[in-house]
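The structures come next, written out as structure tokens.
Presented sequentially are two complexes of subunit A, the first with subunit B as partner and the second with subunit C.
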Partner chain A sequence: MEEYTSTEMMAVCGANAVRDGERVFAGTGLPVLGAMLAKVTHAPNAIIIYEGGNVDTQNKDLALSVADSRLGYRAAASIGLIETLGFLMMGGRVDVGFLGAAQIDEYGNINTSYIGDFDSPKVRLPGSGGGNDIASSAGRIILMFTHDARKFVKKLDYLTSPGHLSGPGSREKLGLIGGGPALVVTDKCQMDFDPNTKKIRLKSVHPGVTVDWVNENVMFDLIIPGKVPTTPEPTKEYLDKLHQLDPQGIYLGKGQK
Partner chain B sequence: MTEPSIEDKRITLEEAAQKIHDGAHIAWGGFGYQRPPEALAMELIRQKKRNLRIYTCGSEHDLDILVGAEACLEFEVAFFAIEALGLAPNLRRRTKEGKVQFEDYSNLAMALRFLGGALNVPFMPIRHMIGTNMMDKTRLRKDKAKVIDCPFTGTPIVLLPSVQADFGVICAQKADVEGNVQIFGIKGEDNEIARGSKTTIVFTEEIISNEVIRETPDLTTIPALFVDYIVEVPFGSWPMQSYGVYDYDLPHLQMYMGQCKTEEGWQEYLNDWILDVENHDGLLKKIGEKRLKELRADKRYGY
Partner chain C sequence: MSRENKIMSLREMVQNFVPDQSRIYLEGLLVNRLPMAAVHEIIRSKCHQLRIVSAPNGLAVDQLVGAGCVTEVEFYFLGFMTEQGFASMQRFRTAAETGTIRVKESMGYAIVMALRAGAYGIPFIPLPDFRGSDLLSIRTDYREIPSPYNTNDIVITVPALRPDVLLLHAHSADERGNIFLDEPWPNFTLTTAQACQKVLVTVEEIVEPGSLPVHRITIPHFLVDAIALVPYGATPTALNQRYEVHANHIAGYQDAAKTEEGFDKFLEEFILSCFNQRDFVKKIGLPPSWTRTQSSNK
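After this line comes the complex of A and B, so read on.
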């Protein structure tokens, strides 16, 4: 059995959610490692797009910014923001988008803007960036963030990017073309969404994590199926490739493998 | 036959900042780590500008020093943090002090607002932002965005007010003295900003001749028709990057993130790197030949 960290587990879960040939919108950080890992393993024909303007990237070095010059090396095109978030994303030409979140609610609605009251916020977070654009129009959304009970809230401090809003039919009513969140990956578990209620549902727990622990670390009523499988452990091939992508441990952390 | 004359639109960095009056609304170019107008931000601080309002998709260290110096405290933006490194430290403190005002849009929304300004139409439609607090939570604008039923299809659509800012400021790799501009690598929202602002100022890493521009007109991303002033500023986006010219200065950014967590640390940074160096040439001297050479891009990779 391979040894692995919870960060590596998250990246591999993210990678496994990408299918071959898909057009993938990735931000920076762990999600992009997931997308890049998919491309060097089971999804060689995935096309990775960055909102800054680089399209179909094959970068050799990890990027810190979605606009990083590193992404321009061997990309198929370096264009503009209206091209990526407009023609491609709002045009309905993107299959999957990766997003992070400071808070999500039980419908997968996302806050990346403010913690606390809007009129006197405790913390100003980065804001939407392209997050709202991606959440609105990508075919499906994969959310990735470390597990913390304070992030799974009953009510968001601010709704930045649409999940399933108030349940079935609410996205369609507003003319949103994207399918909304499909998967949540944390360092403890994976969650998906119940097709009937569009509410978040436990999909699998990572090895060593109990269903009770997850249930106690979510501040809303989590749908828990009768039988919750354990997330398969990452293989040596995937872990090796992951570290080839991030040899300095920028996102994986130093000295973890 | 008479030769057409070539207008020389060059001004200095100091003159460019002098043109930007207190209270000006500025469409701010660059995207993330790529080609932000850092040298301008520093010069605006040296000239003690106040009450600026900045419109942009996403910017980072450049906006954070403007917030720290309280030159600009009003923003219509999509993103404000230092990607991969954390929340912007001065923004964090000034927000707690209740000094910063935001009007939040998405990246595409801001880019479309600039496009609307460039096309000289009053609004632009977007399918995004609908259903979120970006529609109903407002601070700076009475009319931030509106939802209507599309007059043709009946489905809901969001309308955004176009932006024609007093000034559009962007950085490029190459330009001639007349203002024909070549941007290499990604463009972000710079093409729209350059075409949609009342006065457009382009900061270029290098001046090339009009003859050279005319050898490859397909590389001109912004024709001189749209450009009012040209400023030659080598390393004008330091400590961030300019594709094909130089890379970002990561140790400097990391130092900034650590030091500016406190007001004292920020004041020290402000003095050391902005006020005490007197001007951009002084800043380059302080960074040093050796370091600048290290940051220069390897032409094979672009960084």
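After this line comes the complex of A and C, so read on.
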């Protein structure tokens, strides 16, 4: 059995959610590591798109931002923000988008703007960025963030980016072209969405994590199926490739378990 | 008519073109090509009550806010990754959390499209979607209206953005103001230059008149109002093909900006007591030179 960290587990889960040939819109950090890992393993024909403008990037060095010029290396196109967010994203030409969240509710709606009141926020967060655009228009959304009960709230302080809003049909009613969130990956578990209610459902727990722990660490009623599988452990191949992508541990950390 | 020679010192540029209460658009993205020398000069010139519209340029916004130059920030993302992890903008955050600045929340594509409308002289512009978020409840200037062509379709409209001033750092210019940006994705920069009423550009080098062929002109001279020669004008952020991020300095800033006292000390040491960008770069040391190129990227 390979040794791995919970961060590595998250990156591998992210990679496994990408299918070959898909167009993937990834932000910097673990999402992009996941997308790059998918590309060097089971999804060699995935096309990675960065908001900053580069499309089908082949960069060998890890990028530190979506505007990093490392991403120009052998890219198929370098077309700028208007085209990545407009032509590709809003035009419905992206299959899968990765997002993070500071708060998420049971329908997968997310907040990355502020905690507390808008007029006197307790915490001012970085903001939407392209988050709302991605959440509205990408074919499906994969959410990745570290597990903390305070993030899984019954009611968001602010809805930055739409998930399934108030349930079945609500995205369609507003004309959102994207399919909404499909998967949540944390350092403890994976969650998907019940097709009938569009509410978050536990999909698998990572090795060493119990279903009870997850249930106690969300602040809404989590759908828990009768049988919850354990997330398969990352293989040596995937872990090795992951470390080749991030040899300095910039996103993976310095190896803390 | 525009003057034939638009070259001036950065100090003159700021004094002539950045009056108090200006609405400024900051070009660059994350830790790439921020107009840092111009930002520092604005702080030295003690400009007040500026309204900032910003691309995700956290570092520039944070310093302008911390120095007390700003009353309003319109933005869609502030923060960036460094090798130390995610950098959140602490002076901006404190100001936003305590209400000392007005915060105009937006989203990436809304600002992009508002600038496009500004560039093309359209009073407002519809967006394909965006509904479902809380943005419409806090941005009353963003509207939901029925499409004039199919009243069953609802579209979001955003008003055109025509900021007073664009601040941009670029690679080269000639004296007429033709600008060359040595980057693979300059098209949005041209849109911002078209949208802003005054276009102020600091550059790494001034080239001979006529030496920029048309396919190397990112912004044509008739859109540009002033040029200042400022080598390392984006330091401590990176400039494609020229220099890398000055990581130590940014890490030091992030540390200092945790408190108001720390920020004030930083401000005095690295901005106010420096006469110009040359002085500043001398103090912090040259940034690492650009080592990765498109062809030799390992």
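Remarks
As a working rule, the second predicted complex is superposed on the first by the 254 of 257 C-alpha atoms of A that agree within 3 Å, B and C clash if a C-alpha of one lies under 4 Å from a C-alpha of the other, contacts with A are read in each partner's own complex, and residues count from 1 in each chain.
In this text, a residue touches a chain if its C-beta (ideal position, glycine included) is under 8 Å from a C-beta of that chain, and two chains touch if they have at least 3 such contacts.
This is a predicted model, so every value here is computed, not measured.
After superposition onto subunit A, the modelled positions of subunit B and subunit C overlap sterically.
In the superposed pair of complexes, A:158 makes contact with subunit B and with subunit C alike. In the superposition on chain A, contact of A:118 is made with both subunit B and subunit C. Legend: residue contacts after superposition of the two complexes on their common chain; A:85 is shown touching both subunit B and subunit C.
Once the two complexes are overlaid on the shared chain, A:248 sits against subunit C while remaining clear of subunit B. Residues 28-29, 51-54, 60, 64-70, 72-73, 78-82, 85-86, 89-90, 113, 118, 120-124, 126-133, 136-137, 158-162, 165, 170-171, 174-177, 250 of subunit A lie at the contact with subunit B in one complex and at the contact with subunit C in the other.
Of all the residues in subunit C, the ones that touch subunit A in their complex are 29-32, 56, 58, 75-83, 86, 88-89, 92-93, 96-99, 103, 105-109, 112-113, 116, 127-135, 138, 153-154, 183-188, 191, 238, 240-241, 245, 292, 294, 297-298. Partner subunit C is touched in their complex by these residues of subunit A: 28-29, 51-54, 59-61, 64-70, 72-75, 78-83, 85-86, 89-91, 113-114, 118-124, 126-133, 136-137, 158-162, 165, 170-171, 174-177, 248, 250.
The touching residues of subunit A, when paired with subunit B in their complex, are 28-29, 51-54, 60, 64-73, 78-82, 85-86, 89-90, 113, 118, 120-133, 136-137, 158-162, 165, 170-171, 173-177, 250.
Of all residues in subunit B, only 31-34, 57-58, 77-81, 83-85, 87, 91-92, 95-96, 98, 100, 102, 104-109, 111-112, 115, 126-134, 137, 155-157, 184-192, 241, 243-244, 247-248, 250, 297, 301-303 touch subunit A in the complex they form.
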